[in-house]
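Chains: A, B, C, D and E, in written order; residue numbering restarts at 1 for each.
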């Protein structure tokens, strides 16, 4: 009886795809919860979650090949400047949880300690600008920092050798370090510059979806919001749902990360997913100041809160 | 017979030796297991996760076989056309080289946008990897056919296609197999890479998941599987070669 | 089938090889060419077979020009040119295969007659030099074309096998009335088999002399010992001797 | 002479045609430029950024040349050893195949740990990419040397190494060049990939930066450069082949 | 250099090819082998050269067993086996190169004598059949080993070139007193050149007869026409004729 009811429903379900930014992790928990708990179905959606590996989601979302995707404010800012029609529809995590991490024994406690050290990054000019702004807060000179391109190497590998510190997400790599019992010094971006408190990651869609299928967007965000709220309240269960869907993930890491993230999804906002114009504007201004924005960025068009469920 | 049996064991012995060295150096230099786990740990992890691995393995194998088939047929077909149609060879050869130099990270989004998340874009990537060695080797094989054999056939009135099927193709079989061996070796990695464009299962998926959750042991389990599979495909080609090119002068080289 | 070669000249990268060669082979005629090594006999055959085009002159088969046209004659090359990946039997039927379904029974028959019945499934590399030559000989014998060009077909055979093969060739020729052009270094062979003999000079090859062989057919082995034969032999010998 | 000149133009014509089709289909299907820019836009961007590109190009070229050299020498050396030392061939061949199946994402961290961020790990990666085709083709070439030539040499009293240098090597040169062509084609991509493990400059670096700031046109500029470079290396090998294997029977095949 | 072959037997995958062959070549002796095509003459040479090992029996050079030992004799193979990527000159000096610095002047001298002076820098594929054979002949002639095994060295040559080559071979042999073992299908050649002749039977090869040739040396062309010569010729002919 239950079965027939669901099949009947599936007939009417609208198929949508959501592309993750990378392999599934705790940033995505809400989506998996919404799928597993049937929140998407309640909204009449049949959601296909795809992880694209190296490709990233932005181009797929922008082109309409995927309906939704997981992206970052940094990407969307750069993308929109190049006329890529991608729009952020919800902030997955309210504040920037990334920062510069280093093993405790390197003695890097604040940006001024960067002097004379080696930073491992991926060679982007944005990194240098960010480091510069952090260091200038403490009157340190960025030119005394050695910046090395470490490409695809992961954090733990890199700091074993020539690298002293690198840029990580606390909620994943930081948690992994805790699990390994490695003490890290973490310098959060948000602690030094409000401009760098950008949204990372976010849910995104393309402009066409917004103009042509606002109902679907609304439904999707509603279900996702419900999923993330569930994860906020029941981190344990949410973690087990993520693991159930991705059995090859490391269980301990997911559980611990989930626990840590539970309070960060919504944080101080009055509802999950809320985005502020100032945040979008600040980051773009920061880039512009550093001459890293090749074009015009209109912060208002880059995001919308319109599809978030009412408070 | 006897000496053949012994030969079959040689590579296994070498590999075992290699693994032992590996295990020992891990012990001696105290390399941490998240950096480079020892073969024993890898083996244990492999045993533990056999169940969850099997579907991944079978999906990668399917992808590889189909891709390798398409790729090598395509490679042969291209070689065939470039060889038989006069003038085309010089004109299109550069395009082949170009095809090998489109980075996957650029190709991937385009392929997905054009062909969706299905199996097609993945097969395209594997084929792209596999066709090239076959084409190059086949073309070189065709070109090296002894001219006296071709001359005889021509004088006997063979058409261009008869010369091809009866002389050039049989003559270049060893060369083609040489290309096929290279392709077979690359095919599994090709499949793994292709799985990065949004697959639900496969060794590639398993490996990236393992890697992103810092499970180095599982990453190495995947590598072992990839290696094993590509050896398998390689030796499959070798076996097929043995049965196809069976006229090869063996007796005379006995000393 | 009649062949006419008219004022053929040919050179390889500056070296002239054939200088104004004219010769003919009538319907059902057996003609031999004798000439020094490296004079250009095989080159002439390549021209007749259409593999290369002459610098000047014409090759005519039954009156129509076949300069550079392939496939009109059955050709037995000087090196055996057997396909190494085919068994003896499959090599023999190759020339038929090109035109129609091969007649393997006939090929087996011939293998038997030439003493190769046990080698039907052997690969060329398992054969002795003379055996390879015989296989190549059979291949051209069974070819569908009725004009045959044979380039030293029996050079690797002992006297007896050679005589036997010559007999086979003669019998086939008499039976099917093919036209045959044969290159040989063996004066006996030329005299025993041909209606006419062309003598080639050294490079560049010219036709030095044309000799009409008067012996009646069928010719028996005994002919070899007759005075008339020796007479002709001496004549050719002297004509070939370098000036 | 004349016909050769014409031949040289054929591939260029084909490539031009291809570019024209590309430009047209961009127009017709209105493909947005952030997804797939047209060749003209790419060319313009390439012109604009020539100055900033040159150091990247020259650093990649250096890396490629050294890597290709090391890789092909290594490939040849391995083939040489496997061929000449009896029994070693069977034993070590599988290891070669394995070497082609260690994904870069796994190898990279290890290489970095062991060799740092310098040029050495990059050269290791390029060599790893380049040696394999050379080894496989060379081994297959050695094996196909006509046995009558080897037999003659043996009977004449040639030592194993004389047989190798005077017969097997010259005979398999065409085959080795076939492998070298494949290697040359892969070498540039190998260099680009290797740059992803931390380089200060290079096409690979330029491309990832372009890609992360959604400058698809610049990404394609890099691809064009990669393609151009690999064609260059390929034809370099072809030219060397022409000069080395100049005995090849050409005259006879004239028809 | 003396060669002794003692009770050699050999079979290829079941087929017996040589059956208990014993023969010898004394210091400075010139010995020929005559036998039907496919009987096993080349196989015998491969055994003497050490390329294959006999099933039973021994090959002795100067008294020491050289079964399966390579490099003791200078060998001229039946197929020319020239290296296609070497010019004529480089092919000729190949056999010397293996042991010491090649003497290119000597090689050029010989090219001149054998009428190949213009082909020094030609590649094998540019030569005619007979020219390739001559190059291969020169290569073995210039080899440092003093025992020579030649497998039908003149089969692709016309009578005159053949006679000339025979004279060169004899002169070299007389001058350097090498020991020579020659396979040929030409009875005249065997009689003209050798001290002794072995006649081989058909498969499996046995020694049918050993003929000592009594003609004094140096032998002139005229010998060919003498009655004694014809007598011997007939004798060998009859002995070879199949039973």
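Basically, a contact is a pair of C-beta atoms (placed from the backbone, for glycine too) under 8 Å apart; a residue touches a chain by one contact, two chains touch by 3 or more.
Chain labels with UniProt names: B, D = Nitrate ABC transporter permease; C, E = ABC transporter ATP-binding protein.
These numbers were taken from a predicted model, which means no experiment stands behind them.
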| item | value |
| --- | --- |
| Set of chains adjacent to chain B and to chain E | C, D |
| By count of C-beta pairs in contact, the leading pair of chains | B-D |
| Relative to chain E, chain with the most remote C-alpha centre | A |
| Whole-Å gap between the CA centroids of chain B and chain C | 49 |
| Euclidean distance of C-alpha centroids - chain C vs chain E, Å | 27 |
| Chain centre separation (chain A, chain B; CA means) in Å | 37 |
| Geometric centre distance via CA averages, chain D-chain B, whole Å | 17 |
| Where chain B touches two or more other chains, by residue | 35, 105, 109, 113, 147-148, 151, 154, 211, 249, 251-252, 255 |
| Of all residues in chain E, the ones touching two or more other chains | 12, 51, 79, 125-126 |
| Residues within chain A bordering two or more other chains | 59, 63, 154, 157, 160 |
| Residues of chain B that touch chain C when the two form their complex | 148-149, 151-159, 162, 166-167, 170-171, 173, 245, 247, 249, 251-252 |
| Chain D to chain A touching residues, read off their complex | 32-35, 104-105, 108-109, 112-113, 116-117, 195-200, 205, 208-209, 212-216 |
| Residue numbers on chain A that touch chain D, as the complex places them | 58-59, 62-63, 75, 78-79, 81-84, 120, 122-125, 148-154, 157-158, 160-162, 294 |
| Complex interface listing, chain D residues touching chain B | 7, 10-11, 13-15, 18, 35-36, 87, 90-95, 97-98, 100-103, 105-106, 109-110, 113, 132-133, 136-137, 140, 143-144, 146-148, 150-151, 154, 174-175, 177-178, 181-182, 185-186, 188-189, 192, 207, 211, 219-220, 223, 226-227, 230-231, 234, 249, 252-253, 255 |
| List of chain C residues in touch with chain B within their complex | 46, 49-51, 70-75, 77, 79, 81, 83-86, 94-95, 97-99, 123, 125-126, 143, 145 |
